[in-house]
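If you scroll down you'll find the structure; I have some questions about it.
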Amino acid sequence: MKNEKAFLRDVQNERDERNVPIDMVGIRGLKYPIVVLDRANGRQRTVGTFDLFVDLPRDFRGTHMSRFVEVLDRHNNRITPRNMESILKDMREFLKADVAHINVFFPYFLRKSAPVSGISSYSSFECGFITRLNEGFDFILEVNVPVMTVCPCSKEISDRGAHNQRANAKVRIRMNSLVWIEEIIEIAETSASAPIFSLLKREDEKFITELSYDNPRFVEDLSREIVLRLEKDPRITWYRVEVASQESIHNHEAYACIEKRGI
Amino acid sequence: MKNEKAFLRDVQNERDERNVPIDMVGIRGLKYPIVVLDRANGRQRTVGTFDLFVDLPRDFRGTHMSRFVEVLDRHNNRITPRNMESILKDMREFLKADVAHINVFFPYFLRKSAPVSGISSYSSFECGFITRLNEGFDFILEVNVPVMTVCPCSKEISDRGAHNQRANAKVRIRMNSLVWIEEIIEIAETSASAPIFSLLKREDEKFITELSYDNPRFVEDLSREIVLRLEKDPRITWYRVEVASQESIHNHEAYACIEKRGI
Amino acid sequence: MKNEKAFLRDVQNERDERNVPIDMVGIRGLKYPIVVLDRANGRQRTVGTFDLFVDLPRDFRGTHMSRFVEVLDRHNNRITPRNMESILKDMREFLKADVAHINVFFPYFLRKSAPVSGISSYSSFECGFITRLNEGFDFILEVNVPVMTVCPCSKEISDRGAHNQRANAKVRIRMNSLVWIEEIIEIAETSASAPIFSLLKREDEKFITELSYDNPRFVEDLSREIVLRLEKDPRITWYRVEVASQESIHNHEAYACIEKRGI
Amino acid sequence: MKNEKAFLRDVQNERDERNVPIDMVGIRGLKYPIVVLDRANGRQRTVGTFDLFVDLPRDFRGTHMSRFVEVLDRHNNRITPRNMESILKDMREFLKADVAHINVFFPYFLRKSAPVSGISSYSSFECGFITRLNEGFDFILEVNVPVMTVCPCSKEISDRGAHNQRANAKVRIRMNSLVWIEEIIEIAETSASAPIFSLLKREDEKFITELSYDNPRFVEDLSREIVLRLEKDPRITWYRVEVASQESIHNHEAYACIEKRGI
């Protein structure tokens, strides 16, 4: 009779005597197809990697792991700043929890035109939503923007040339009104020595080389320039900016981090 | 006048005197949105990671890297066993090469139903096309299938229980007629101790646990079972099967590899 | 004359007018050979991956990246809980900073004997020191312990067998007196369903299989068991325990996290 | 009586009726401390990641996974071009196989002096031995050398500056007499636009910037320059050179590969 559902003991639901509440419990690294907002095209299909957690009070032995996937699946794979709170509410209710967390990371594609030839191609940006529902709803947008940095010191001290490299600007923000992924990309790209592209013709390569040489940036400069632009935007209530530059003269990265305080 | 296109010297096109032909030259790790064939739904949008190479004769200094992205972009992101040859032909022609290679890897999602409850969810499978156009057209399909393996030795020698774990079956095939990704997934899943799922209710977990315990498989067994099924399919002309099991009693993998000879 | 050192302008040292202090700036991902403390053998040579950061006041343009490596190199590669504070002091002084951070991660090897046969082999554990010198000195020890978990639910509801898998217990602690890496490993291993080994003979495999089957553990159980043991140790003033289990019936991880509050 | 060793059935040793020989079976991803040859210091302790495989005839069900670790452990962790054949022989004998494979990869550290200041620091290089014992003994040395490449096209067409980046030169060779890892590093570094270092003072940065600007290299150039040097060395009987450049103006790599034919 053990194989009938009515008799399958619910071990997770049993009383736990160890008296240790758990901060976060759930599943990590779930790949799921998702649909996200796209400023130019309305929506974009991509691939999400999910962490889904709740808290667990001291007197329960375990959470019900299958319910995380059920909740996610019910929402038809739509993942936007606008519906995350309702997914979290469902998760909290279905899992009988006080706090719910969803972190989702995904590649986001943007069609960009080369600066001189105008030829267009897709660029990919690793983005993420880091969210929590507790008393309030907390939503952090993460956008990683690959850019180019030319070293100001190398340029200044050298008779010719200047070392440069690809750098990643990881920008995390909290907002009180929708900020598009595309806006963060633009801020990071215009703060760097130059933006980068999947497809550049020779005249574009000349343009990007000269543009970057004319705008040398330490990781310190790039992080500060991004911060100055974020500070001016009243929709952005908090930020954390991390710049990591794949130094062409070293086998390690140069790194700078600035976080807004007081929130 | 240096900044007008007509005067931009084509350095890549210059004569090379070193007398060293290059086997493969191009771009690696390009992320691009793609559309692939889907047996149930016609097509599926996902994210491809591309290697695009050609050969380069001894007397040219360099290839034209931007053309790889142009060719790819022209084909509207459709990537199927049926149109890969024509993309390779375009690439070979546009790059003035004799040999063209495209390797593309992508997550592929399949909706699967749990074995008892019937509840459905997406599973993800890392797939790839490894292709080359030379005198002939060569196409290899790669499908990675995560499954469960129960150790036959552990089951036999132990009074109770048996160690088990997630394993990955990497199946590469050449074919003379279309074989669906879904067919390879089914072969690997039914050859394993048990298939795995993103979403299982308690009655499903009981079923999978017992099914796997009744079908213990070494990596040697799993690779052989897959091979026996591939051998029976007249569409499949070559295979390489690699099984790697994330041993639960060790911090390393158990591994087996079988390749069809004589092609 | 530009190529004589006296005339090389120090761009980093220039005054910055943007009025944005930087929280952390430095280098990331530097691989360096290190020597760490080993309870059994006095010391162990291994390979460290370093992050080295300081803060930067609002009125300086950049930090001096080369000095991070100079400071590290001066200390003869010895990296222990006992000398980290003095390395941080040197770094803070040489970089003229208020705050200095060093994070270093390294594989640590321990010779372990199989439980029945007694045959011995090396197991590797990814460890780390996360340190900061500000007004005070902060030192966090991180130890990752791979172990085995048998699912209590699967065991309870199934007529035979139980799914199990490798799990990682990531334990971070602050301490007021030296706690050995070996002690954290022992706590995590004895809290799990069973420890794991690089080398097990058949009689050991039988022992581990049965031991684990007799001690089923959810990620919730394992994290709580570790916490109960850490709580009893007066040398440990703070902890964060994260358990991630590579579920054999799913293609994602089960995860639990408990952090000590109030420090 | 089942728990006494004499009665533990040897499942692996049973006859297999499926008639499918296995090309490679064993363990993958084992981390083990090793000692390698060091030209300057005699020997160097580092961390190896091992694949250990043998073949398995059609009539055996499984191999004995524990014996791989036993063989490795017996050799006191010394891993050199000189003793690999005897480790493989032991493995082949102990596992009763015809073919044995060992692949081991490890970080190797070299103390290098900056070009102007002379200040010294460690650089790390990912190296590997790819070996097989069949009728003969096959040994491939792999050395990955991070270097700098300046784009010749960008330099030529731009009024100022030139994009550059870190590139990796992966060199694999077969030899008939010992070639040091240090010699391969030197060949790759002197073939590139410039070598790179963990620690450079300002005068060194100026030197490297100018040196690299004066020696622009496509990935095609760098791979060819390395090949020309390898071809001149009578100890080197085969090579495969792969160069991948982390393009600073793109978010993908430029890649070139040249392999010596006819061996």
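As written, the chains take the letters A, B, C and D, and residue 1 is the first residue of each chain.
The criterion applied here is as follows: a contact is a pair of C-beta atoms (placed from the backbone, for glycine too) under 8 Å apart; a residue touches a chain by one contact, two chains touch by 3 or more.
Here is each chain with its UniProt name: A, B, C, D = GTP cyclohydrolase FolE2.
Only a predicted model underlies this, so the values are computations on that prediction, with no experimental measurement involved.
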Starting at chain A (GTP cyclohydrolase FolE2), fewest touch steps before arriving at chain D (GTP cyclohydrolase FolE2): 1
Would you mind naming the chains that touch chain A (GTP cyclohydrolase FolE2) and likewise touch chain B (GTP cyclohydrolase FolE2)? C, D
How big is the gap, in whole Å, between where the Cα atoms of chain C (GTP cyclohydrolase FolE2) centre and where those of chain D (GTP cyclohydrolase FolE2) centre? 27
Between chain B (GTP cyclohydrolase FolE2) and chain D (GTP cyclohydrolase FolE2), what is the gap in Å from one C-alpha centre to the other? 25
Chain centres from averaged Cα atoms put chain B (GTP cyclohydrolase FolE2) and chain C (GTP cyclohydrolase FolE2) apart, in whole Å, by 34
At least two other chains touched by the same residue of chain C (GTP cyclohydrolase FolE2): list those residues. 3, 8, 30-31, 124, 153, 157, 159, 198, 200, 202, 206, 250-252
Quick check: in the complex, which residue numbers of chain C (GTP cyclohydrolase FolE2) touch chain B (GTP cyclohydrolase FolE2)? 123-124, 146, 148, 150-151, 153-155, 157-166, 194, 196-198, 200, 202, 205-206, 208-210, 212-214, 246-252
Chain A (GTP cyclohydrolase FolE2) to chain C (GTP cyclohydrolase FolE2) touching residues, read off their complex: 2-3, 8-9, 11-12, 16, 18, 20-31, 51, 53, 56, 61-63, 65, 152-153, 156-157, 159, 218-221, 223-225, 227-228, 244, 250-259
In their shared complex, chain B (GTP cyclohydrolase FolE2) is touched by residues of chain A (GTP cyclohydrolase FolE2) numbered 3, 5, 8, 10, 30-33, 45-47, 66, 69-70, 73, 107, 109, 119-122, 124, 198-203, 206
